[in-house]
């Protein structure tokens, strides 16, 4: 493997956000997704591809507030979560290309990336599907007394699935160390969230007495702060939290939708949100604060671009998953 | 009779149903713009009162179909991808499939649930189910799976007109298939198979996209002097055993192709029926070609490896003839 | 049939509660359930039997606030709902005894009684199962413009099922004419509700902006008032309501549980609630108000007891459902 | 070796599992007092931290089992009645059954889901499902159904020790069956059938409560000079086809009894397997005796009418011998 995961650096969880580290993660996600975009356009990526561009501050802010051994579950728009939790872009590309060295040996693909060692229990093709799984992981953490926290990433659309409410009740009842993180990108596929989802998402935690906060999902510091607080609460036995991160996806719901979807979002809205690019915002803050200069920022961009390109090259040259592998891994033969 | 894509023909069948009965209403995620294409444009003709975008609350929506049907509408519900039926399974299996029976026949439930089904284009394990055996097991659901654009239209109209819950499964990989489709309203009757190709040596029963595979193999084997009969049940429950048994009585040989996983699949049902009811007709062991008992993998080469393809089907037919 | 349903009298929906009528309904339910209790104890009732004794004011108050053509859905503890909506006790007994003239020809039993003409769309064996069905009926009502209202009866336990929240969201989104009526009898089977269910049930409507009220479920007037208000709101296009009726079941979760359940409720609690008998409470009010006297109350009791006894006699003498019927009614042959 | 009720033996198997591994935790509605009896008393030995009463949120609970298993526990989840599995079907079929495969084998999911199953005592349509074919179809779930107290204990321990999701179905009507059960921990291996009675003329494969029916008929036919072999698969997926095929190779005749509805049921699978893999061994048409394709009715006489009983089984065995 040419690139390494970032699991180690997350040892700093619970402390102040390292903004340069956050920037690096966000740029890495952006570069990964841009590569996916190009690959999809050239017909190189099979299956569904849901890009995370525009939402990078959420994954980065949240995962940098977690420990390396904390767990996350994610959804169909999960590349950013995998990377932010410490996933290796090379093995991710390998997975998306159906290679043997992909995270799941080519069996999972974009919607089912699992990186067990980094605590990434799975992106998920079923909207809302990961929420109970994170809740169960949190139960295990509590029961084992290992002080780990589980965090579930899901979209605004998932907040209409019954399991979201059921999990809130259960987590509140048992004070489970779980963080429910809703990324409200204001659309559920091609429909505006308010046309499907009544009221404020944060309000949905109120019946269960679960603390809820809405934050600017394009402000990595705000996300980090909210998750850090929630993780602290979880670790000290005070139970679950709900965090709503308001953000926007720049791309379509999935790549290639343009041919069918029509214009379901005003161009002006897209432009407005592009002007609030979370990466550019963080960079200008770092420049203002004197933490970075143009050259150092360029260096980060260049190094992340290089890393992603090398990751892709490696994955692209890797051997395809052998077809017989399609029949393995249904059951584990081992005794636990 | 114009040419049409299967998914468009299905949509046209739905449009005919909505035209003829104002009680037909359509629910679906993005039903207005239609991710899969099967409801595209209907909102323009029928308006947002009858074409409803729904929240991601599929279990509740399926139950709403039951209540709305009981209360006088004929709801049609787009669940998009057949894997998503699982989330609705209680409302589907414990309520929709059983309410009429439990009520002693008091209630009539004209409701259609449809979705794209089957592996197609590396959609991976959670978007590639072929769950029709699970629906067949429920007893109170009719289950249809068209393999041609014309049947897609005619079965949709028949499904909406039917007074019972119907699960309509549209093979994802066949959505873009083109073929001739009659204009205007017409029905393909539920419960009736069709013989896609007549033959004398072996009966091949094929569902959904495996019909085309069967026909290709039949054509190829024709060149090798083997005469293959291809039957497309179209309705998988209740299915047309008569047509199949009549064919097996002539050919003595049976090969069944199914997109579902093997264990307790539809191929098992057809073979068990033939062997228990027409054992004397069989001159050779029946053969099944199905998906193996594994979830659907993502990578194209893995997905392809599991597919019911011409190679496997030809081998199966030849085995039945050996 | 020896007894008639009460469908006609519900023509008075929307007006003041007829307290004598309410009393009659409550006593009818009580007598029906007492007969079930005796029959079960004598081994005459097959299957599960969940008695409604103690909760009569809820069914009576709610259904008397509805029109005859309004619909209800119910749950496993549904005898009271069927009777209050106008069901015929004779056909109910016939159903519980597996007779051909039972509501469902013996196919349904206690947990699946349907009385379509009186708008009773079904008791239900799946906790929460009837909630989406009522929501869908409400959609039909709205779409057809028939000004009908659908009401779903369910227990406190059902408020932890995902479909409850999903239905609240959908009903609020589309302003459906539906009433969600939670009967909080403080137990979910053998476990205290507060050990499973976080917060107040009425709070669960708040995220969706659905008006919610908690009322004394043993006060038939209070229940009637709340449902009348909710039905009025539904009929005038203002959407759904949630009503929580706090009440208590005198009997076990199901008949025959004593052998297994142990003492999961303090005897003092049971006594306390028996002292708040909704029937006795209504009677003493009627006496106080001079609306009834001892003789007129006795007459109601006697007539309802007679009606229930006759209903049972009729059902008991009726022919058993023929065994071949087990195979019919899966599919409707008719075109709608 | 003491005598025990089946449901108590099952509970004892669970107790053994909890004793040997503190990672085993139990979730269930009223798990403390236990409505069905299968967890009764466990809270006294293992305490409320390991024996958890759960809210009526079955879908979430099944998903919690996945997450907790992935994170290091070995959860055992009591779903009480198998009809209630439908409400959890997405978490069961799309998550539990597929996560290991989708992860390329990274994740191990030792989790057991159990419930009482089958028609018993007029519980009616929504409490009487025999949904094992639906679970078998999922490929990623092991499915077991004991028919004796001893197997109930040994299969439970094997299920909890297994590193995969196991659906453990306890026939409701057999809960009160008594029989000898060995003391202490012991396993009945998953995937292994047992020959309950040896015979030479016909092979009867019987699951769950139909095993007793088969044995009674075998005894009766013994008096009539017919030698019936009775096989109890015990594990329905992956099932022990070898033992069945070996028997059919000797007897040439196959009768399969299943509590599930006929279409796409387990009987269909056994017969399809026998006919495709061992056609040459069969000297007569195989026969299946199953529930018909209807929901379970309430009335005792209707329920009885649909049951796999001695009368039907004897007729089926005689038919296979005709």
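Each chain carries a letter (A, B, C and D) given by its place in the written order, and its residues are counted from 1.
Please note the rule applied: a contact is a pair of C-beta atoms (placed from the backbone, for glycine too) under 8 Å apart; a residue touches a chain by one contact, two chains touch by 3 or more.
All values derive from a computational prediction rather than experimental measurement.
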item: Pair in B-C, A-D or A-B that repeats C-D, with over half of contact pairs matching by residue number; value: A-B
item: Chain located farthest away, centre of chain D as origin (C-alpha); value: A
item: Intercentroid distance (Cα basis), chain B paired with chain A, Å; value: 36
item: Centre distance in Å when chain A and chain D are each reduced to the mean of their C-alpha atoms; value: 40
item: In chain D, residues with contacts to at least two other chains; value: 54-55, 57, 59-60, 83-84, 87, 90, 94, 101-102, 124-126, 139-140, 238, 293-295, 297-298
item: Multi-partner residues of chain A (at least 2 other chains); value: 102, 104, 106-108, 112, 124-126, 129, 160-163, 166, 169, 173, 195-197, 330
item: Chain contact graph, described as a line, ring, star, complete graph or other shape; value: complete
item: Residue ranges of chain A touching chain B (in the complex, touch as defined); value: 46-48, 95, 98-99, 102, 104, 106-112, 124-129, 157-158, 160-162, 188-191, 195-197, 260-262, 264, 320-321, 323-327, 330
item: Chain C-facing residues of chain B, complex; value: 23, 25, 49, 54-55, 57, 59-75, 90-91, 94-95, 99-110, 139-140, 142, 161-164, 238
item: Partner chain C, residues of chain A touching it in the complex; value: 160-166, 169, 172-173, 195-200, 203-204, 206-209
item: Contacting residues of chain A [partner chain D, same complex]; value: 71, 73, 102-108, 112, 114-116, 121-122, 124-126, 129, 131-141, 143-144, 148, 150, 162-163, 166-167, 169-170, 173, 328-336
item: Complex contacts: residues of chain D adjacent to chain C; value: 29-30, 32-35, 37, 40, 53-57, 59-60, 83-84, 87, 121-127, 292-295, 297-306
